[in-house]
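Next, two complexes with chain A in common: one pairs it with chain B, the other with chain C.
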Partner chain A sequence: MTFDVADLQNSAPLLLLTVAGLVLMLLDAFSRSKLVGAPYQKKMPAETSEAYPLPVAGSRGYLMPVTVLLLLGILAVVAWLPGQIHGDHGVFMYRDMLVLDRFGLLVSGICIVGAILGVMTAPAFLRAHGLEMGEYYALVMFSLAGMVILVMAADLVTVFLGVEIMSLGVYVLAGMWRKSQRSAEAAMKYFLVGAFVSGLLLYGIALVYGSVGTTLLSEIRSRAPVFASRPLFYIGWMLIFVSFLFKVAAVPFHMWAPDTYDGAPTPVSGFMMTGVKAAAFAGLYRLFAVTLGDSQNALQAYTGWVHAAYGIAILTMTLGNLAALHQESIKRMLAYSSIAHAGYLLIGLIAMAVVGDSARGPLLFYLAAYTVTVVGAMGVVGWLSRDLRGGERLTLDDWAGMGQRHPAGALAMTIFLLSLGGFPPTAGFFGKFYLFRVALEKPSLLPLVLIGIANSLISVYYYLRVITAMYFRAPAPSSEPASEPLSSTALSVGVLIAALLVLGLGLMPEWLANLCAAAN
Partner chain B sequence: MTGIASLMGSAATGLPSLLAQVAQAQRIPGKIDPVPWCPAWAFWVLAALTVAGALVTITRRNLIGAVMSLVATFFGLASIYALLSAHFLAAIQVLVYAGAIMVLFVFVVMVLNREEEEPWSLRSPVLKAFGTGAVVYLLVRIGELLFFARPPLPQRAGTPPPNFGSVSEIAEYFFTKFLFPFEAVSILLLIAVIGAVVLTRTVAKPTSVHDLPLDQQPKDPAADEGDSGAHAAGHGAGGH
Partner chain C sequence: MDFLTALMTIGLNHFLVLGLVIFGIGIMGVFLRRNALITLMSIELMLNAGNLTLLSFARAQHDMRGQALAFLVIAVAAAEAAIGLAIVVGLFRNRKSTDLDELNLLRF
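And then the complex of A and B:
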């Protein structure tokens, strides 16, 4: 036997995600193609009519509940697996290619929860914009499988494969809005930058392998002190570091992010901002905080990634927030705010290296809080900004008076924006609180924390700007028809769950914080 | 499709003879020099060929010229693989990259037949100077690391095992140590197939001004509202 049979059980989330993707493909293939407003249709309704007939649910309407049920089942497996881990070091699978540990399972769980909420908010949006196709669900599943491979990776080969599988699905999802020029631009930019980044990552892996002679992370960790003085080792790790910074959209490797997040279909943007970012941060954690994170600091001093990350965290927070300040489009503002949040998360990564393992919990808590919040916010953006003429109404002027026109959506958006800004009764507050508190344990991180706090204050301005527009501004006198919010039960329920999670984590953060702290 | 079919054909006819050569080229165990028939400077010649091909590739304005010099790079790389006793990899490099992928490249270049344009060029001299400076800095830092840090050079790892680089050896790795990555790649390929279908399926025409190309969208919302004829004209232009 070339692998242990127990590996099949231990890698069940990954296998089940893949199988679920295949099942969804089959269901899609055997569904009747009688969709209205879907790409299968040859002609759109008459374009001259002011508002063309609302597309109705097609025969693929059941794919979303099926997807959600499958994901819930996989989430249950993820929740059950920690009981199978005996000891502190995790279980290695498939000849040390993957490792099953609580950290990997928790990040997988975060990605899956984000995907469940995203999938619930997606179909109404997709249908309204003529995008309803079964491949969406399958690609989300396969992308998730890539994320799980990445967060469980114990070898540079699997790290690379995870990154590629995750990204390839998302490139397609970003470009699936075929009628929108911006979606094509989003996918093209993401794909070209992503292809370049894959080259950097592979080059870095080759150099590390060339200098150390192994791709196993645990062996690299044990051999690193001897090999750290090799220039190839250093250059290789820097290339790997840069490629991951591209994936999390950290400044100065962020130039693709605003256009991509802004142009992609809104539920896909939510998936990219949360799942991809969470998995990429898990990869950064495994590669840098664990493999190169040496408490002696000799290794870090030589590879220098902590110093690089320090500067990049400051740049990312500051430039992301400053650019978000004067965005008129809410979706684009959220895109820049996502860049800024990558900066806060980098503080957690640095704290992992400098402070130690106690920073792991805050980092994970922040990831969870951020994921739930952003998925919810993007759900609301897709919900409220639907334009009957086919596009999206995303400017602040369009959203003026939303508090009267659509109180429920506006209230949910307010909760998410407050959470992103870090206001007390929400998950975002505790995310920032735990993160900054653990970073303050080392005086060398004090400047970083001060800059982070200053940036949070800056960010409050543009989050509150949306809230004031929704509640305290009359709609601009315009002869254009206002946006027409989607009406969908699944979407409302998805946003409601996200909002409840954000508030719940803000009121009772201990259980998740304890779970995160225990996720070694 | 034709390219793939021709590749299949060449693989079917060429592979047995290649495999025979691979088998013949397997070294006698105990010899220190990995490639006895090859002088040490051969590496430098092949490396120069590879780098020169790559440089020509990124500097040609003529796309076909660029693609053809990429072939030279691929052949140089394949020869270096052969020098490293990785004969199977060398054969695959020639078959897949210099064969199939280059055929696809040439097809795409000929089918698209695009005008020369530089969409993302750095126009401002300040940016150009900045970019040049950054590249020079990077090269200096890497050179500094490589030449002045004077690392302890790794000792020659010794003679590779007799079967090193052979098809059976690689197959064994694929089905034992690297079984998981080997299988996981299939998810990647599946996504690629699905993605190709999703992204190339025919779609309906744009239905709103927001879907038009950016330069065709009305600048002023009021103007767009006032003239409903502009919609129809915009749709016609954006529809193809």
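And then the complex of A and C:
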């Protein structure tokens, strides 16, 4: 057994993320443990109309800047590593368990940028709700490490480990709001579905391993034409496919998603909707578009995953959008809209298999645009929806007149919603434009694209509904105290950066599009 | 008689069928039982069925990769059980029950 020192350099993002997570845990353990302020009292001041004072940055206030700096450093390493790849095929590491290529690095970069923006918007929310715990930052790091393993996976073993390490962190994050029944329920649902899915994934991997005799994706690909007719191989891939559809919350495997995204603490929901989804799509890409895909491969006709994905993409877009139409809670509306976006992303995956490698760029661009937009939107939701008496105020009625009460937040929310709906000049417009354009190269995908465009039109209704409520409706006359936006520099800066990125990608999409197209 | 001897000689297929049966019991448990703890146990059964299948294939093919993956799965399953139990405890503290049918705060 040999060990190559170059592996350490090539897997640096993964190692650094793990070490950074451990360092943050130690910093937290050695911080003074006293957390002061009303939210940390045992009982909430239930029926008072007075706002309790927002606690000042406690002894853990410094963890957020430290985390952001660490993540920026790791992002720099991720940006430097492509120079170390010579040739077209990527570098294999750890006895072919992981592969370093531009695709993996770009998706890792997307996940890390999403996490940076999420971490910047989180502390004010966490502090206001009595959740300021150092574990949050450590768990984000560990979860990111799992995502990096998944997007770099070159073997079914690392696929399984990546999915699990990513999910274990997020299970805990979803339930970290321990006083909230909704958060406990969200974590329970997410955990049960996630653990069930890992059982399916493992059994599928075992069947594929049994029928082909290897877990290496590259060897499975070369042997697949011979083994494609074996039922075990077919059933194994089906189980793996279903478990990834659960992870990206595609209809009909989506029932956990609205509840979990709705009940989890808002910054965590943003992280789940973006990082987990991006990494799971990268896994789908590696397993299906690369290992099984390729229109010359006789296998594809047999496994038929493209046909299954075709139907599931249509279902996911349509049902996600229809369910979002009548949501009164903005957070829950965004949860359903994230299901619909998984449908658009599936179009990109199908195009990868049907059209070929030219679809990779649009898929990656869509992931990047979606990540920046959703993290920003969830940041604003956490920002503006703080209830003076604890909890959140998320309904459209609560947000009526937000344009007057908090112009900056309302403007940022408008930008993010327009991007989600696909209006120019935002990142979301070019994401959809590139994706639909590449899918149109094959006539067989025309119905899919038409349904996608129809769905984007439907989605405009519920995005605009929030915008009209914010700007053109008077706040409902009520005796209850209004929500009080959080005031935090880091949060405003995080949302500002996200908004600038969304607008910047909408005005100058070429540089990222070129980067994505070159990410083989 | 030949059929009986074939049935009595334990081979790969016996292990695979046992794995499938345990996997089926696990899935049924997840769908039919409404107690969070029993659902957790059923999920552990599913993971163990996957492990058994992996190990039987690895033994039949004289390949170590399956054995290595089974080790990793055992570690992951332990971590998952710890987190799952913690979430169940958190849920129980909030509402004094671990019945999954009562998880209905988050609805349309």
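We adopt the following convention: the second predicted complex is superposed on the first by the 504 of 520 C-alpha atoms of A that agree within 3 Å, B and C clash if a C-alpha of one lies under 4 Å from a C-alpha of the other, contacts with A are read in each partner's own complex, and residues count from 1 in each chain.
The rule is short, and it goes like this: a contact is a pair of C-beta atoms (placed from the backbone, for glycine too) under 8 Å apart; a residue touches a chain by one contact, two chains touch by 3 or more.
Everything numeric here is computed off the predicted structure, so don't read it as measured data.
In the superposed arrangement, does A:I149 touch chain B (first), chain C (second), both or neither?
A:I149 contacts chain B only, not chain C.
Classify the contacts of A:R178 with the two partner chains as first (chain B alone), second (chain C alone), both, or neither.
The answer is both, since A:R178 touches chain B and chain C.
Just to be sure I read the superposition right, which of the two partners does A:E164 touch: chain B = first, chain C = second, or both, or neither?
Both chain B and chain C are touched by A:E164.
For A:L202, decide between first (touching chain B), second (touching chain C), both and neither.
So A:L202 only meets chain C here.
Identify the partner contact of A:P258: answer first if only chain B is touched, second if only chain C is, both if each is, neither if none is.
In the superposition, A:P258 contacts chain C only.
In the three-chain superposition, say which chain, chain B or chain C, touches more residues of chain A.
On the superposition, B touches more of the residues of chain A.
State whether A:V77 touches chain B only (first), chain C only (second), both chains, or neither.
After superposition on chain A, A:V77 lies in contact with neither partner.
Based on the A-chain superposition described above, do chain B and chain C contact any of the same residues on chain A, and if so which?
Comparing the two interfaces on chain A, one with chain B and one with chain C, the shared residues are 157, 161, 164, 168, 171-172, 175, 178-182, 187.
Can you list the residues on chain A that touch chain B in the complex?
2-3, 18, 25, 39, 41-44, 47-48, 52, 93-95, 97-98, 130, 133, 135, 138-139, 142-143, 145-146, 149, 157-158, 161, 164-165, 168-169, 171-172, 175-176, 178-182, 187, 211, 229-231, 234-235, 387, 389-392, 478-480
Can you tell me which positions in chain B touch chain A when the two form their complex?
142, 145-146, 149, 151-152, 154, 175-181, 184-185, 187-188, 190-192, 194-195, 197-199, 201-214, 221-222, 225, 228, 231-232, 235
Going by the contact rule at the top, pick out the chain C residues touching chain A in the complex.
Touch list, chain C to chain A: 16, 19, 23, 26-27, 30, 36, 39-40, 43, 46-47, 49-51, 53-54, 56-58, 60-61, 63, 65-66, 68-69, 72-73, 76, 79-80, 83-84, 86-88, 90-91, 93-95, 100, 103, 105-108.
Considering the complex alone, what residue numbers of chain A touch chain C?
By the definition above, chain A touches chain C via 156-157, 160-161, 164, 168, 171-172, 175, 178-182, 184-189, 191-192, 195-196, 198-200, 202-203, 205-207, 209-210, 213-215, 258-259, 262-263, 323.
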